[in-house]
Structure formats: structure tokens, C-alpha cells
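One chain, chain A, links the two complexes that follow: it is found with chain B in the first and with chain C in the second.
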Partner chain A sequence: MRIPGVDVRFAIIRIASTAALFTAWEWYGSQPGQFALPPPSKVFPALVESIVDGGLVQAAIGTLWVGAVGFSIAAVLGVTLGLVIANVSWADNTLTPLVNAAYAAPITMLVPIIGIYTGLGFTGKVTLVVLFAFFVILINTEAGVRQVREDLVETARSFEASRIQIARHVMLPSTMPFILNGLRLGVGRAVRGAIVAELLLLVSNLGLFLIRAGATFNMPRLMAGIFFTMLMGYAVMWFAGYLERRSLRWRGEATY
Partner chain B sequence: MEERDARPAAPPYIQVHGITKRFPAALKGQALVTVLDQVETSIARGEFVVLIGPSGCGKSTLLRIMNGLIPADEGRVTIDGATVQGPAGDRGMVFQSFNLFPWRTALQNVAFGLELHGVGSQERDGRARRLLAAMGLGGFENYYPRQLSGGMQQRVGLARALAIDPEILFMDEPFGSLDAQTKLLMQDELETIVQRHKRTVVFVTHDMEEAVFLADRILIMSQRPAKIIEEVRVDLPRPRMDHMRAAPEFGELKAHIWNQVRTAQEFRPTIGAVDHPTAATHG
Partner chain C sequence: MVDARALSQTRRGASASALGTAGRLWRYKWIQRGVVWGIIVVAWQTFGLIRGPFYFPTFTDTILGFVRLVVEGDLIVMAASLQQLLVGFALAVVIGIPVGLILGGSRSGEAVLGHYINAWYVTSKEALLPLMIILLGVGFEYRVGIVFAFSALYVIVNVATGMRDVSPSLIETARSFGASRRQVIVKIALPSVVPFMFAGIRLGYGFAIKGMVIAELWVLGGTGGLLADLALQRELDRYFAIALIIALVGVAGSSIIRTLERHITPWGAGAMRTTERRAV
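The block that comes next holds the complex of A and B.
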């Protein structure tokens, strides 16, 4: 996080570009006959209204809860399996092709299977979130272990470090930046997964809010929902990035 | 003048018996490269021994075998009569590229070995703090390695090795990546430390001046497959002082070593005989 006043130039650029975007949006949305994309002057009252009547906030909390549960499971599984794959060659040989195939595939296509397998309830939604967030965490963790500096491992060995001590004092801290980066990307994907689950698997929370607004052609309300969802994603990502930077202070500012 | 022999032999502390090491060739399908070929030597307790030789001759490999970081293919190393089977807590190592842990502060780096050996945090911090202060790094305890200059980083590296109070200090071209002035300062400092703590030091370098300034005895190695082709005693008084670098004796020793190293480099042992006529015996 930057201290206000230090980066005035960037702050001005950022505010100016945001203002320009909203102005353009306002202009475009107010064109006669424009229906699908209402202007901010209609979206924001709808946003305030949705927040005040409690529907949007409650929906967001429900969605975030699904995301959080799924993300936690994905984090544990992803980090653990990433460490295993990077250290155990047979696990690497058997699992890496599967991981790559799954990572490149759109997880959404698994929705029907998940629906049948776990049912359409909470478990199904969480399962989808796990699948959304898991692979990026795993792949990052694995990449982290592979870049551990051999000379630092040797240094630890010269102090008679055991295998476990090497894992704890060398492998883990060197891998940490990669794990945290994977977790940050995973958080974003978890939020995405939760919303997809609530749009496609079991319509509820934010998904319900969006679908209901869309189905009744309440475009300002729909846009308010989308806007709020994006804002929420931004906040979650910012927070994750903040935690990441905080725990990696040893790398210095220059890295970011 | 260098071939002084058999002074009343101090009991050998480190013994290197017929150490041979081969590495896989750079290209697939080629034969193994023999790096060390039946290396024999011994080192007395409290002695400062410098290994010098053409670059790539396997000095660092020999050092790592002596420390137990890598196994030899043939032969064995004994320390105080016991065969070396791996690194041990009473042997410290200092590396050319410092190898500080970037996520640890200077203090935490110095305390690393103590932490591994289960020393309580108060005691290890106190010891690390004293060592850093002794190295002129008081006030830098909470700096991360990236915030320190090369010379400061290597002081931390040296303090880290000394923190475990090692019997033997293995140093692998520790000042090789420092600038010329810092290097001289570090040599002076090392001399002071060695004088104060009286350790056995095995020191790898390819800098003749550094070798003469620091060593009790210099082992000159040949090109690969390397053997020790000569050992040179340095009888300059201790503590070594900066002005000794200008002494005629100092210059002569340096010139002699350069001559031997150059010869070793020119006579590729893969073609000719490795045994140098003046090769001294050990023990």
C-alpha cells in the first residue's frame, strides 16, 4: 500500500482514467434506445437500493462463504500435493499430466457431473470452488519447490541439518513467495468459482440476484450486481496481495 | 627453499587417504571425468592450510569431500581418527557466494546453526549479536542480506560459521567475489579471528597473495585429474601484518607458487605425467 502524497502522479492518473471511463459510460448509457447497458446515474441508485434493502450484501456474504470454504480446502490440498509432486518422482510422473489437462480445461464443463455426483447443495458448490482454485495453487507450489537454490540446501547441510530441518528452514521459506502467489491467484479463482456455482449449479446468493435481475430485465439492478461482484473481487485480491507483500518483506519493494 | 621436510610431525588431525572423485561428463555418452586422483595429505590441529591450483582443478570438490558434503568415489577422510561420513556440527563452512538465507536477517543468519542444534533463542541471539559486533556489524542485526554489501554479507557468512564454535573452518574462496580492497580488509580480519580463536582452517583460493598471507602451509594442486603436486610452508611470523606483503620473502613465495600453478596449468596431466619432481611428501 502506498502512502498518499508519495505517488501523487499515479493517483491523479488513476482517478482521471476512472473518471474518464465513467463519463464515457454515462454518455453511452444515456443514448436514446440504449437498454442493455444503463448509465452509472441509473446503476448507482440501484446499487445503493440493493445494498440498503440488504439483498445484495446478504447474497455476497453467502457467496463469499462458499468461496472461503472451497478456497481453504483447495489451499490445503494444492500446497500439500504441490510439495509431494515436486519431491516424489513417481507422483510427478503420474499426476502431472492429469494436473496439466485439468488446469487447461474449463472447469465449468464439470458442472453436470458435479451436480449428479454431489447433488446441488452446498457440497456441490464447494466442490466446484475447490476445482476452480486448486490447480493454480498446486502448480505454483510445485514451481516454487523446483526453484529452491541448491547452494542454500548445501549450506544448511553444512550445518548438519536433517531432511526435515532442510524442508522447514530452506525449502519452505524459499517456496513461500510462490505458494503465496498461488494462493492469491487461487483466491480470485475461488470467488469466480463460487459465482459460477451459483449461476450454473444451484442458483443462489449472488447468482440468484444476477439471474433474477436479468430475468426481469431490471438492467440497472443487474449492472449493480455485476459492479458489486467485481468490486468484491477487487477487494479480495487487494487484501490477498497485501497479506502476500507483508509476509515477504525480506524480498524488498523492488520485487513488486 | 620451500622443500623443508619432516619437522617433528604434529599428530595428523585431518587425514586425506587416496581420495578419488569422478563426475559425469558434460555431454552424454562420454566417459566420467576424473577430478581428483588419489589425493593424499594431512593437516595438523590448529594449522591454516590453503589449497591452491588452476581453476577447475577440484579444490572446492576436495574441500567438500573433507567436510563431508559430498562423498568420494575412492579413499576416505578421517578427522581425529574418525572417518568423515557427512557434515558435522563442529565443522563450519564459508562459501564463495556467501549463501546467506535471504529471508533471514543478519542476526537470524548467524544464529542459524545454533537454532538447528536446539540452542535456546536468548542464548543464540546473544551469541549472534556478539559475533556480529566483533565483525563490525553492530547495528545491522535486523538487516536482510540484500540490504548489505558483499563484504558485509561475507562477514555475516563468517560469523554464521563461527557461531557454532567449530573445530575446523572450511572456506571455499570466501573472498573471491569481493572487490580488491574489501578482500584485503577481510584477510586482515580473518587473520585476527584465527589468531584469537586458534582453529584449524582449510581455505581454497586461486589468489597467490591471499594464500601466502594467510597460510601456514600451501598445498598446490595440479590440473585435472588433480593431485597435490607440492606443499609450501610459509614461515612468516604470526600474526600476519599488512606490511609483510611488501617483504622480499613474501614476494618470493608468491612468485614460486605462481610458477608452480602456471606449470600445472600448462602441463595438462591428461597428456603428461602428473607427478612433479619437487612434489613433497606429506605427514
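The block that comes next holds the complex of A and C.
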């Protein structure tokens, strides 16, 4: 049988692999004395229960809100500063090494002192999210401006295009995919930043759900929380990817 | 002070007007860095002096913080963290490369593994902390496990991308000239995968450090415990010094990997921008 766009053999292997994992997990989890890894038959009811009683959904919304506020700030700052650094040579020479070092450094190490400067409330959490998402957006924006083809700019200039016309019709279309890629990666980091903030900085929302389940050794609930975090990450990244592709439709071809 | 050096050189350039000489000097990268970084250090020092050491240590306090790190024996704690980090990272590389080769090299490999790698990619690894602590305790295994969970993914994904990137037309050409399977692998597939592999290793190293820091902050042990203690006691000079050392360990490790890369794959070095890739 042939379904257009779907490789049947491929799909069968994938389903078989998933089924095998779940069977093995169910078998292992049901062993007497097995406590730390409960089987799927206990995890999924716990997941449904946590969603139905509203706790998990509300927690996720709270976490995503922190992420969204921080991401918006990081996006504005990151794109702006990226454009400046890419266009001003002395800013590039002096700031790029610092930005690269900060991009590679673990932001989490600031968690114990961030409260001193922002307080431990909402501001603190948002600040952490901004720090998580900011650098990847900046670096991608900068890379985008840098790869604009010099010959296209030259051609536009020789046809007496104004600076604004060059920016609008030459620079922007070729920089945009890079900025959007940076923003998409920034979304992923913002979600991680929000979860870190709610686990380590001020225990709340999803962080509270996970910690409470772990502290009471309610393993099905803990696994359900992790599973939900995964689904949430998947949904958010899918949505970000969808927005990215949609915004690039005018290019006539998919970048990914 | 660097600003002063720039000024004195301005005075020495007697023939040109002072402004013209400054303008010419400004074109040098290291002059610009000296001036701007000097301004940052001065601003840092001033801010620290105004707000006091319990709020923001000055630049000089932070430098003295390095000395205090040595005296108080904090470096030994940090060395132990680094050792656990390297074990986790080495595991990530050793396991990540073959998994990546399978994932990117065969359709069935992708069918079996692809969706797990994708799930791993979209999950915030931090959410695993409460589980890992129950599964592995708070010691060596736990820390190595977290570092592995953070960094192996990036090795796998980049190696897989490299495998998919091997040009089929090159392989066809080699085959039609009678190249053996071994020759195709050694002469065509490998040279094209290795630069991706290094990109993955570099990225994975950065995430290994991130994993190590968060793992130790979570259990308040090792360097993470030290950071938490110092923050509570407001010994921010030592805190800032440790933070700078962690950042330096990241930069240093990454440039060591880059140097290796340049020696082993002179054709691919620098071509690969270290950025996160889509898993599948």
C-alpha cells in the first residue's frame, strides 16, 4: 500500500520502536520493588488527572507567561543591539568578544545573586529569562547582517538607491531569515529560562509542581510533569517554527 | 590606564593635529578595545564604590577575590567539579558520535531513534533534575548524568546533520570510478562529517558546563554549593571571581577544541558556525 508523502516502512518501524519502548518500560516499571520509574499505565492516568484538576495547565500558563514577557524584552534588545553591532565597526570590535563569552557562559550561575538586584519576584524571573534568550537572538541578527551580499548592495547603490531603499529592499529580505531563526532559538531558551527560574529562583508554577511531586516521592506525578514539560516544549517550538515559516512565505521557498 | 596611553600618544603625534591623530589611532582594533573596555572597568569600579561591597564588588575587589579563592581552597572544590564535568562530557562525545552516525546515516536508524532525539531536544533538561536526584542520588553519578543529558544531544544532532549533508553525487562519482565501500567512507563521508562533529563537540561542551552548574546548584554541592554559600554570606568578591573563572573555563575549552579542529580538519575549520540545529 502506498500513501502519498508517507513512507509506510518508515512509519511501521517508528511505531514498532515506540511500542517496544513502552512495553519494556511497562514491564520494567511493574517489577515488584521498582519504585523510581513507574510504568506508563500509572504515569498517564496521573498525567490526565493533573491536567483535569487544572493544576498542571494553570502552572504551565504561569510559566509560559514569564517566558513570554522575558522573550519579548530579549527580542527587542537582541535585535536592536545586533543591528547596531553589525553596522558599527568599533562596537563590533569591542563588544563581540564580550558577547561571545557571555553567550557561552552558563547564565544559571547568576541564580544565587540575581535576587540581590531584582528581588525574588516576577522581575527576577523575567530578568533570568531575558538573559537566557538575549544572546542567541543578538548573535543571529548580527550574523544575518554580516552575510548580506556586498555585490547586491553595490548594484543597488550604482542604480542610485537611497540608504533607506537599500535597507528596505536589499538588507532586510536577506537578514530576515537569520533574525527569525535567532528568535525561534530564543523562544526555546526563554522556556528553559522560565523553568530554571521557577525551579531554582522562586519555586512556583511548573517548578513547584515538579518539586512537590519529587519531594513527596509521588513518582507517577513527577513523570507526568516531565512528560507535560516535553509536550509543552514541543508545542511551543512547533508554533515558533510555524510562525517562522509563515513569515518567510514571501521568499517563495522554504528555508527548512 | 589605557585611556592615558592613548592620550599620551596623541600628544606625541605633534605633526598632525591632535584630533587627526586620535582619529587615526581609533582605527586600530586594540585601541578601540582598550578605550571601551577601560570605560567599562571604570564604570564598574565607580558603581561598586558607590553601592558598596555587599551590593556590587568593585573591579579591584573581584581581582583580589581571585587571590582569596586560592587562599580559601575554593580552587580544589572547582577542580573536582571540572573533573566530573569532563567525565560527563567525554561520555557524551563517546556515545554521541556513534548514535549520531546511525541517526544520520541510515533511514531505519532515523525511524527507530529520530523521535526520541526530537523529544529530548524539546524537553527542558532542567525539568529532569527532581527525577535524576531520585534515580541517581546527589553524588558523582547524578552530576555526570545531568552533564550527559545536557551535552550528548548536541553531539548527536550535529553528527547526524553532517551525515545527511554528505553529497550523494560525490559518492556516485567515486563509485563509478570503482572506489570501494571503505574508500567511500574514508575519503568522502568522513571528511564531510568531521567538521560537523567538531561543531557538535564544541556546542556540547558549552552545554556540559551549563549542566554542571545547574546540577550542583540544585544539590548545593561542589562549586554550585560554594556559589550559594557565598551569595548568602554576601562574599560577592569571591562570587564574581568564580563566575569569571567558569566563563573562562568555557572560553578556554572551546578554543582548545577549535585549535584541534583546525589541525585535524583544515578544510572545514571555521566553516561551521556553532549554532543549534533542528534535531530532525
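Rule of thumb we're sticking to: the second predicted complex is superposed on the first by the 230 of 256 C-alpha atoms of A that agree within 3 Å, B and C clash if a C-alpha of one lies under 4 Å from a C-alpha of the other, contacts with A are read in each partner's own complex, and residues count from 1 in each chain.
Heads up, the rule we're going with is that contacts are C-beta pairs under 8 Å (C-beta built on N, C-alpha and C of every residue); 3 or more make two chains touch, one makes a residue touch a chain.
Note that the structure is predicted; figures quoted are calculated from it, not measured.
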Quiz item: Sharing chain A, do chain B and chain C clash or fit in the superposition?
Solution: fit
Exercise. Could you tell me if A:R251 is touching chain B, chain C, both of them or neither one (first, second, both, neither)?
Key: first
Practice problem: Could you tell me if A:L152 is touching chain B, chain C, both of them or neither one (first, second, both, neither)? | Solution: first
Practice problem: Check whether A:R192 is in contact with chain B, with chain C, with both or with neither, and answer first, second, both or neither. | Solution: second
Quiz item: Looking at the overlay, does A:E160 come into contact with chain B only (first), chain C only (second), both, or neither?
Solution: first
Practice problem: Classify the contacts of A:P40 with the two partner chains as first (chain B alone), second (chain C alone), both, or neither. | Solution: neither
Exercise. Examine A:P173 and indicate which partner it touches, taking first as chain B and second as chain C; both and neither are also allowed.
Key: first
Practice problem: State whether A:G78 touches chain B only (first), chain C only (second), both chains, or neither. | Solution: neither
Exercise. On the superposed three-chain arrangement, identify whether chain B or chain C touches more chain A residues.
Key: C
Quiz prompt | chain C, chain A and chain B - angle at the middle CA centre, rounded to the nearest 10 degrees | solution = 80
Quiz item: With the two complexes overlaid on chain A, what is the closest approach of chain B to chain C, counting only CA atoms, in Å?
Solution: 17
Self-check item: Touching both chain C and chain B, counted on chain A across the two superposed complexes
Solution: none
Self-check item: In the complex with chain A, residue positions of chain C that touch it
Solution: 26, 29, 32-33, 35-37, 55, 107-108, 111-116, 118-119, 122-131, 133-135, 206, 209-210, 212-214, 217-218, 227-228, 230-232, 236, 239, 242-243, 246-247, 250-251, 254, 273, 275-276, 278
Self-check item: Complex interface listing, chain A residues touching chain C
Solution: 7, 9-11, 13-14, 17-18, 21, 36-37, 90, 93-95, 97, 100-102, 104-113, 116, 136, 139-140, 143, 185, 188, 191-192, 195-196, 199-200, 206, 210-211, 213-215, 217, 219, 222-223, 225-226, 229-230, 233-234, 237, 256
Exercise. Could you please specify the touching residues of chain A with respect to chain B in the complex?
Key: 151-152, 154-161, 165, 169-170, 173-174, 176, 250-252
Quiz item: What does chain B use to touch chain A in their complex?
Solution: 67, 69, 86-89, 91-93, 95, 97, 99, 101-105, 112-113, 115-117, 144, 146-147, 164, 170
